[in-house]
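The structure is given below, and queries will be raised subsequently.
Letters are used for the chains, namely A, B, C and D, taken in the order the chains are written, and counting of residues starts over at 1 for each.
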Amino acid sequence: KLEAPEIAASVEPGHFVAVAVGGVGGGMLLRRAFSIHRATPNESIEVIFASHGQGTQWLVQQKPGDVIDIVAPLGKPFALPRQPVGCVLVAGGYGSAPMMMLASELKKRGCQVEIILGAATESKLFGVLESKAVADVVTVTTDDGSSGVRGLVTDVLPDAIKRTNAKAVYACGPMPMLKAVASVSKEHDAYSQCAVEESMACGIGVCMTCVLPVIGDDGVTRMVRSCVEGPVFRGDRVRWDDVDTIPSDTLGAPVVGGH
Amino acid sequence: KLEAPEIAASVEPGHFVAVAVGGVGGGMLLRRAFSIHRATPNESIEVIFASHGQGTQWLVQQKPGDVIDIVAPLGKPFALPRQPVGCVLVAGGYGSAPMMMLASELKKRGCQVEIILGAATESKLFGVLESKAVADVVTVTTDDGSSGVRGLVTDVLPDAIKRTNAKAVYACGPMPMLKAVASVSKEHDAYSQCAVEESMACGIGVCMTCVLPVIGDDGVTRMVRSCVEGPVFRGDRVRWDDVDTIPSDTLGAPVVGGH
Amino acid sequence: MSVDLTTSLGSLSLSGPTATASGCAAAGKELAQFGDLRTLGAVVTKSIMKNARSGRATPRMAETPSGMLNSIGLQGPGIESFLEKDLAWLRENNVTTIVSIAGNNVDEFGELARILKDVPGIGGLEVNISCPNVESRGQVFACNPYSAAEVISTVRQEWTNESPILAKLSPDVTDIVEIASSVVEAGVDGVSMINTLLGMVIDLDKMKPMLGGRTGGLSGPAIRPVAVRAVYQVHAAFPHLPILGMGGIRTGHDALEFIAAGASAVSIGTVVFGDPSAPWRIANELGQELATRGYEKLTDAIGAAHV
Amino acid sequence: MSVDLTTSLGSLSLSGPTATASGCAAAGKELAQFGDLRTLGAVVTKSIMKNARSGRATPRMAETPSGMLNSIGLQGPGIESFLEKDLAWLRENNVTTIVSIAGNNVDEFGELARILKDVPGIGGLEVNISCPNVESRGQVFACNPYSAAEVISTVRQEWTNESPILAKLSPDVTDIVEIASSVVEAGVDGVSMINTLLGMVIDLDKMKPMLGGRTGGLSGPAIRPVAVRAVYQVHAAFPHLPILGMGGIRTGHDALEFIAAGASAVSIGTVVFGDPSAPWRIANELGQELATRGYEKLTDAIGAAHV
């Protein structure tokens, strides 16, 4: 929970925050990106994070009251429907972080909202109770069946889409999940909005590290920056199978050296 | 104040401690050296330090209860006289750190002990009260006269030596002070023991960064490691004027490249 | 007493001592929200090539101790789009702009110079010769005195206006003074140094190099001592050659090290990723560092650590 | 399941994967209080020269971001005293010892090899060619393929016993594979890499280079990506050439990066200054890193990041 009055006011679901780690003179130069979980205007913003490597381990050690250096809000938030249509929100692991804010935003607009939370196992699930508070229906899946339905979020997604006659599916989580959600949504003629997670050096659009192949309105594939043109992308526009490659038909491919 | 039961037991006056700074994954690789101020066997050791650069600034920020990684005791301590002779202890700034321990050690042996504490200004004086508790006489000097006698420690040293008919003078502080103390002592036929402060990479004798020109028993000048063969040296053996140079008559001089 | 921080790179005068580093500020626009670009010495744009270029596959970066590795692969829109969109924006906003160019072969550098020479709003050219020469088995131009000189003399011939040509040097050479002298002979107006060091990080879970491009360029404070050394050596050899210094500058203190080593101005690169306002902050800190040391003008401190 | 961490450098078999780095452990004695030297792969001694040598003026070090700069200047007692005191002690204590030698010219290297070849208790020779050749304007042997080869072939001729000769390579070159191949042709048994990078820190209060030697060698985690890249390149070019890898190794994870890049064993240098028990700790951590990845023998992981 980070106190940041000015910033909180302007946060929308899908925005992320870039957090400096390691302290001054520390060996870590780059900020860590986290989806904004909750923003209380004129007060604070909250994130949910998993202790992963050096930076998040440092964050875990910080005590309440310690000052944290952040840049936010960053990125393009989720696009919201104009009509009060049915929506399904799909989250994998800490991918649930932005979903509660999104859900209540959608409810405000009169949308019917279902949330699907998936994880490898129960301990990796985040925000189940919170979800139940905001969504009409919440379905939980775990790979090992330790909680909810045994299986993947995409196993239960089709029914959810049908139940809500969803026009929009929102997803945040690991790439394979996003890919699956995007295709399932397409099959059911629902727009999908996927928040991707590419490693980022700057988070503000100046370094070009966070790119992935995305098809533009002109049908041309470009390596697009997920920090400023994302992290939320239309699921039908991302070339999921080609992530971490340069598709040969990408503008400016093939590559020749240089850095 | 550092809790270090095992270490404290074996500490002698003049020993130093090497403290890791910046935390794991931090950008600072090298330990910081501090004279051991007080050692309470089976309990703790204490140091006095001035906030100087990045490392000491980090140390200042540590809270009671935080775990600090140290290596100690290191270095050669002050050599103590066998007879109960008169002794004068001269300290500049935080150079007073090891002096109280030394003073009480000397008192135990029945020596008469005078302490001279000098600094640029009052705020840079350390341990005046503590000194008065252990020493027979304490004289304070400051360059600006803000406390005690206006002037340098060496202005009052001769009288102190005469008063105590001192056979041994112990000094800890900046190089110029050590140099002056060494020569004054020599004029008054007193042995001087000077604790030098050379920047150290390893503190354990393996890297050769902490050297200064010292004359050996064989009359030959060598570049000697102050971390293991010091930090305490006989004042009449250090070539004070040649510190930070390689005197041409040093064993192995002159230098040709390489690192 | 406030210090005069104006400086110059050959015929280009700079209103401030700090510039962005090529590839670390795109074409400036994204940084505008963090400060007034007109108060910077210059914006040095991401190296632009003749044609659009997709760059290398991801992952493109790895964090390293006090540094980072990148293998962007010169992703960019190509010169035409750059002129229409990026340079136009910079010109409209009166930003002092140094355009960085890169080519796959000597001719491409020449073409780019020809295209750019009559374009208004260009304060100077930074020729990024620290990229592979496709026509000599991908050897980096800047790693060979002859190729380096060839590129510069070709650009020199095309470049018919008096704004300075800077050669961007690579530290991955046995003798950087040799490279510097070859570009000086080829008629360069100044040098930018240093570019990144070739490095690699291995992903031990995938058991292969972490970056899509396998190797990448090491930047950040980790390489600062190498950069300061390089600037010092080149300034010692060519005391009158303007140097735009860079490599791990994080504070005004760091910046002054480069100035004292012989740089006339500095570029801030990797540190911008962690602190987007760094170019402005560092300029202020540099002013304070100079003031506490009794300098009235930054230019008096250039090369001060020599003698 | 405990992993087999034994390895070898040519004909020299090592009981552990970690060695000390030359100049970072003196002649081992001082480290003995922090662990059993016999359990280390080897102690690589501080480069010894023919005659006693005072080294450079102080200050000899400067801390840098995630690294340090040193200009010790090869201070040492000379070969005679080294044999009597240091090597004798190592032999008595049954420590696997790799003796590092350095010379001011080619002949001195040859002399040292001749003196050492019949001395018992030497597991191998590390030839530190990363030092200046007094007879060619102080150019570092390792920065010139011909001088590098000249030193190695001279040592090779003198070295009439089968323990391995390792050439210590400098990263301050345009093409480290070129240097590696020149020493391979000269008959080296393996290479140690990397030595320090030439760097400088400026003391802004004295307004001159901080180190007595002006420039110094950059070491520590800051340079690790450069070292891993160099090891990877040389292993790719010479898959069967034994490599003793080093450069900023702080953890078992770091060590495994070097092994995966192609090193058969690693040396721990600068990190020892902050953690004297590092050579032992890192060996343990390396065992765990290998175990979690399903390796039974360290030797199976050598070069694993290639392909």
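Heads up, the rule we're going with is that contacts are C-beta pairs under 8 Å (C-beta built on N, C-alpha and C of every residue); 3 or more make two chains touch, one makes a residue touch a chain.
If you're wondering where the values come from, they're calculated on a predicted model, not measured in any experiment.
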| item | value |
| --- | --- |
| Most distant chain from chain D, judged by the mean position of its C-alpha atoms | A |
| Of A-C and A-D, whichever chain pair has more C-beta contact pairs | A-C |
| Whole-Å gap between the CA centroids of chain A and chain C | 35 |
| For chain A paired with chain D, centre-to-centre distance based on mean C-alpha positions, whole Å | 47 |
| Chain A and chain B, separation of their C-alpha mean positions in angstrom | 58 |
| Geometric centre distance via CA averages, chain D-chain C, whole Å | 34 |
| Per-residue overlap in chain A, given as positions that touch at least 2 other chains | 25, 27-28 |
| Multi-chain contact sites of chain D, meaning residues that touch two or more partners | 65-67, 216, 220-221 |
| Topology of the chain contact graph, where touching chains are joined (line, ring, star, complete, other) | complete |
| Footprint of chain D on chain B - complex, ascending | 20, 27-31, 71, 198-199, 201-212, 222-223, 228, 243-246, 250-259 |
| Chain B residues touching chain A - in the complex, by the definition given at the top | 22-23, 25-28, 54, 58 |
| Sites on chain C touched by chain D in the complex | 62, 64-67, 69, 143-144, 172-175, 197-202, 204-205, 207-209, 215-216, 218, 220-226, 228-229, 232, 248, 250, 253, 256-257, 260-261, 289, 293, 304-305, 307 |
| Chain A residues touching chain D - in the complex, by the definition given at the top | 25, 27 |
| Contacting residues of chain D [partner chain B, same complex] | 23-26, 30-31, 46-47, 51-61, 63, 65-68, 70-76, 78, 102, 104, 131-132, 134, 138, 196, 212-213, 216-217, 220-221, 270-276 |
